[in-house]
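First chain A sits with chain B, and in the next complex the same chain sits with chain C.
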Partner chain A sequence: MKYKPVIGFEIHTELLTATKMFCGCEVGFGGTPNTRVCPICLGMPGTLPAPNKKAIDYTIRTALALNCDIQSPTYFDRKNYYYPDLPKNYQVSQNYNILGVNGYMDFSMGDSRTKRVGIDNVHIEEDAGKLMHPEEKAADYSLVDLNRAGTPLIEIVTEPDLRSVEEVEAFMKAMKNLLEYIEVSDCKMQEGSLRFEINISLREKDTDDFGTKVEVKNLNSMKVVSKVLEYELKRQSRMLDEGKKIMPETRLWNEVTGKTKSMRTKEEAKDYRYFPEPDLMHIEISSDWIERVKEELPEMREEKKERFIREFSLPEYDAEVLTDEKKIADYFEKTLAKCKTPKAVSNWIMTEVLRELKEMDEEIDEFPVTPACLATIINLIENGTISGKIGKTVFEEVFKTGKDPEKIIEEKGLKQVTDESAIQSVVQEVIEENPDTVEKYRKGKTKVMGFLVGQVMKKTRGKANPKMVNELLGKELQE
Partner chain B sequence: MNIETLSIKEVQKKLKEKSISVPEIAEALFRQIDRVEPTVRAYISLNRDMVLKKAHALQEELEKDGYPETPSLLGIPIALKDNLCTTDFPTTCAGKILEKYHSPFDATVVEKLRANKALILGKTNMDEFAMGSSTENSSVQKTANPWDVKKVPGGSSGGSAAAVAAGETLGALGSDTGGSIRQPASFCGVVGMKPTYGLVSRYGLVAFASSFDQIGPLAKTVEDAALLLQCIAGYDERDNTSFAGEVPDFDAGLKQPVKGKVVGIPGEYLDKGLNPEVKKVFESVVHKLEQEGVECREVSLPHTAYAVATYYIISTAEASSNLARFDGVHYGYRSENPEDTMELFTRSRSEGFGDEVKRRIMLGTYVLSSGYYDDYYLKALKVRTLIKQDFEKVFETCDAILAPTCPTTAYGIGEMEDPLEMYLGDIFTIPANLAGLPGITLRGGYDDKGLPVGVQLIGDSFKEASLLNFAWNLEQALNLREYPQL
Partner chain C sequence: MTISKEEVKHIALLARLELTPEQLEQFTRELDEIISYARKISSLDTENVKPTTHAMQVGNILREDEPRSSLSNEKALQNSPEKEGPYFKVPRLVE
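Showing the complex of A and B:
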């Protein structure tokens, strides 16, 4: 390729606080429009903001996790622009004395390589509401839902340090994982609690000069980010090849056309007229405060990995895989809470769960086999109700239907047969139907045992207890 | 009974003695309102039936529980500037854009007045969104100065000042961003006080300029003002800029002598531009204070000349953002049949705001615009710091500052045509707002037309008690208890 991509991110993540940034309204997703609102988040005349201290704690925590310098005092600024989903027509944000600056994040490229991306700043702000446009084209109105307005939001701005699609994908995964590990956000991209905005420019292979930056918004999954990036790289290199100038602009991704479209050019760029928010005092962040936030930091990946090895006697490899993503580790521990066999749980997750998850391309939150279901399946195998093989069938069935495992076993009659006389009669049948094979065995060709076991299993549709089949067959053949 | 000449304290005495009842007070005030309001036009909203009903309820409470021991406003009628949110009266800020607006909540000061059992009488006229110095910028009506009904009452709390002066209420609340309590108090010959920024919660005050706005009392006497302030001051977790310290007892040292104390007279305030008659009254007041044994010495506030410019940059910047929410989308005036959202915004605002408000929004938007921020807004913030430091220096050696409140007495309605000239009328009140300091205005004398001339005392931060003590002594020494003839 003639050009080298230069890529940076702006990441917005909604915080997991109980209440909004400047009022006591509950934070949540969806719900009946305009039910989680009050005069403050509606921006009614005379109201004033009272800052949520937990949200500031979370911002400090995020800034520390991203190796930022904490600026003290820090303060809020108003970002002024008119939009109907913004009740005050200004957003309380940070622009001048931002809480976290000059940070970085190291992340793994999936092999032995690691990459460092600079963090320009981490700041805190309030989210806007949502506009809902009616379906019919002729409608002359839009509706405003302010349930989300005032939700605490962190914005993370990276340096333009990423150079490839591969790096971008690894970065997004690592950033999401970090935010989950430090428990500041639930990072649900579909619900908008984690949002990526990407800025992309190209530069000639042998220069260090940056090209013109294009920003793309409205990206609701990592897959879309990758698509957008590939599309933009092609579009921009084609333009450069044709000798065209790339305009600094903001573009929107259109999922239907698979293209980006210009939203506004730099000439049209808004002047946000930032100025210090006079309704809020400057915030002094003492070293004691920082220490307290550090103490409250949840268990991070390395600690968790070591604990899994220590507490559950898992092999290092298992612990490594399970803690790769915070949500997988949580899934593991939730399953383990309902069954007592760590290694079995680990095996199931590392094989069945992760394989299906990868195919689904979904978050583990959306996975149909819940930790409780998986624990039930494992327990049923452990107590001999079903065989391991049937267990996999049940797992598939739960995955497809979301039904309760015990119900599936009952409906499909999958319970393991442990009745000795029942198995004995099938064994008898198989011996009678396969005299040649029995003969071979008795002549010392013991390998054929497998075939005979298989025949018994087939006749019992896999339900016979394999251990008992082996024992009974062995006894019969000795005779 | 001549209710229009009685102070809150005097009425309280009668209430305690049971020589008057709460409904009788209210009815007496309504009689006065009936008589003078057609001329004065101080109120935007009044609700006689509701208020009388409440008066009866308060009287019952008084008879049942007796007169409260602690500072109270039981049964005392109070008028509120119409930028203070109330659930029982509309809150219009005297602007078309909020003409039918009812707030879903009470301002903290209103809650406090209700907790102190005050009788909220009505909402008073003002310059639209508190922007102006004559109450002529009201979209509702022009209020007259009770001392000469052809003159303005001052502003922006002109309705509150006129209502107190005309005996249409016993006390009132106003808001002071650049002098909006003290200047109308001066024009109407009443006591008006702007507390230290942060002493009174701003929650429920419709914001004009957040870093300046303070709510304060207007009353006939210093003692009444002290009582009203006592009832509305104090920390409020809903206002992040409110002061978390204890509120002192303003009554305790109110009547202490001030002999031996030092008052600074800023030379810059007595310069050119000061009306000679105002100067004459001011000099007589200085003389009176000296007779009380107070040392009056000239001090310097060297950055005074920049105060008006600094104020109009920062306050309009804040206002341009504070008033952005009035867009016709969620509440208030909405323009009909707009083509699109942007037109809904622009037409609702163009039709809903008056000229002065638009002028200040444009000015504020300009000074915050990219490329101008550093030259205007940031520079103004620096000058603001210098002005604060001027005061700090003076308070190292002085207990208070004495100055004229305004360069002139009340001028004629319609007389002041140039907005810039009107801005300059606030030159003596603006510095205290820039520095966040408390100031109190009281009547110092009269000009040759018999119009009141105000003088103001400015104190150090949170030194309201000492300021009120000075003001009380001066009030006693001057002993001016004339009332306007209406």
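Showing the complex of A and C:
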């Protein structure tokens, strides 16, 4: 490639507080429109905002996790623009004395390589409401739901330090994982609680001059970000090849056409006229406050890994895989709460669960086999109700149908046969049907035992208790 | 002049105001007078003065993260010139 991509991000994440940034309305997703609103978040004249202390805690926590300097005192500023999703006609944000500045994040590139991305700043703001545009062509109106307006939001602005699709993908995964580990957001991209906006420019090889930067919004999954990046890299290099000038602009991704499109500039007159928010006083962040936030920091990856090894006697490799993502570690612990065999749970997750998850390309929250289901399957194997092999069949069924494991076992008649006389009679049958093999065994070729066990299992459709089959068969063959 | 007609037009656009040519003349003249008056403050030497954002010096006025009841949907929409179902209704925003 003639050009080198220069990529940065603006990341918005909604905080896991109970209430909004400046009022006591509850925060949530969905529900009846315009029911989690009050005079403050509706922007009624004469109301006064009061900042949510927990949201400030979470912003400090995020800034610390991203190795930022904490600026104190920190102030709020007004960002002015008129759009109906913003009832006050300004968004309270930070522009001058931002809470967290000059940070960085190191992340793994999947092998031994580590990459560092600079964090320009981490600041507090409030989310806007949601707009709906009716499908009918004739409809000359839009609808506004302000339930989300005022939800505590942090924005993380990176330096333009990323240089490839590969780096972008590893970065997004690491950023999401970090935010999940520090428990400031649920990071549900489909619900918009984590949003990536990407800035892309190209520069000629062998120069240090940055090209003109194009921003793309409306990206609701990491996969889409990758697609957008690939599309923009092609579009921009083609334009440069043709000697065209790239305009600084905001583009929107269109999933249907697979293209980005320039946002009409009418709404986009970027003149936010920031000024200090007169309704809100400064916030002084003392070293005691910072210390308290540090103490409240949830268990991070390394600590969790050590604990899994210590508490559950897991091999280091298992602990490494299970803690790679916070949500996988949570799934492990939730399963373990309902059964008592850490290594078995670990094995199931590392093989079956992670394999299916990878194929589904989904988050573990969406995984049809819940921790409770997996615990049931493991318990049924442990107490001998089903064999390990049948356990996998049951897992597949739960995965496909979402049904309760015990119901599946009942319906399909998968219960393990532990009735000695029933197994004995099948063993007898197999011995009678395979005289040659039995002969070989008796002449010392004990390896054929496996074949005979297989025959018994086949006849019982995998339901015979393997341990009993081995015992009974062994006894018969000795005679 | 401390402000041009073009700037007034731009400000009007940002404020979503539609001005007639006469109003444009009028507001340009009036804004010029206001800005000229306020500019007097610039003659002071503020070289070593920290920017003042608030008259009061109290900080850390925060609230605990505790829910309080919201308005009912009916109340929330009460003053809206137009509504549809539980929504505020506004002029179409996208093509």
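The rule is short, and it goes like this: the second predicted complex is superposed on the first by the 473 of 479 C-alpha atoms of A that agree within 3 Å, B and C clash if a C-alpha of one lies under 4 Å from a C-alpha of the other, contacts with A are read in each partner's own complex, and residues count from 1 in each chain.
Quick note on the criterion: contacts are C-beta pairs under 8 Å (C-beta built on N, C-alpha and C of every residue); 3 or more make two chains touch, one makes a residue touch a chain.
Source: prediction; values computed, not measured.
Student: Name the contact category of A:Pro73: first (chain B only), second (chain C only), both, or neither.
Tutor: A:Pro73: touches chain C, not chain B.
Student: Once the structures are superposed on A, label A:Leu143 by its partner contacts, choosing first (chain B), second (chain C), both or neither.
Tutor: A:Leu143 contacts chain C only, not chain B.
Student: Classify the contacts of A:Ile283 with the two partner chains as first (chain B alone), second (chain C alone), both, or neither.
Tutor: A:Ile283 contacts chain C only, not chain B.
Student: For A:Lys54, using the defined touch cut-off, is the partner it touches chain B, chain C, both, or neither? Pick first, second, both or neither.
Tutor: The second partner, chain C, only.
Student: Let me test your reading of the model: by the given contact rule, A:Met247 touches which partner, first (chain B), second (chain C), both or neither?
Tutor: After superposition on chain A, A:Met247 lies in contact with neither partner.
Student: Could you tell me if A:Pro45 is touching chain B, chain C, both of them or neither one (first, second, both, neither)?
Tutor: In the superposition, A:Pro45 contacts chain B only.
Student: Applying the touch criterion given at the start, work out whether A:Ala337 contacts chain B, chain C, both or neither, answering first, second, both or neither.
Tutor: Touch partners of A:Ala337: none, neither chain B nor chain C.
Student: On the A-aligned overlay, A:Tyr90 touches which partner chain: chain B = first, chain C = second, or both, or neither?
Tutor: Touch status of A:Tyr90: first partner only.
Student: May I ask you to decide whether A:Tyr82 touches chain B, chain C, both, or neither, giving the answer as first, second, both or neither?
Tutor: A:Tyr82: touches chain B and chain C.
Student: Check the contacts made with chain A and report whether chain B or chain C touches more of its residues.
Tutor: On the superposition, C touches more of the residues of chain A.
Student: Let me check the overlay on chain A: which residues of chain A are in contact with chain B and also with chain C?
Tutor: 39, 42, 50-51, 80, 82, 84, 142, 144, 271, 273, 278, 280-281
Student: Which part of chain A faces chain C closely enough to touch in the complex?
Tutor: Per the stated touch rule, the residues are 17-19, 23-26, 32-39, 42, 50-56, 73, 75, 80-84, 131-133, 139-146, 264, 267, 269, 271, 273, 276, 278, 280-284.
Student: Within the complex, which stretch of chain B touches chain A?
Tutor: Where chain B meets chain A, its residues are 83-85, 91, 93, 98, 101, 103-105, 107, 202-207, 209-211, 237-241, 317-318, 320-321, 324-327, 329-331, 341-342, 345, 365, 368-370, 373, 377.
Student: Which residues of chain A touch chain B in the complex?
Tutor: 39, 42-51, 78, 80, 82, 84, 87-90, 142, 144, 271, 273-275, 278-281
Student: What residues on chain C touch chain A, complex-wise?
Tutor: 10, 13-16, 53-54, 56, 58-73, 76-77, 82, 84-95
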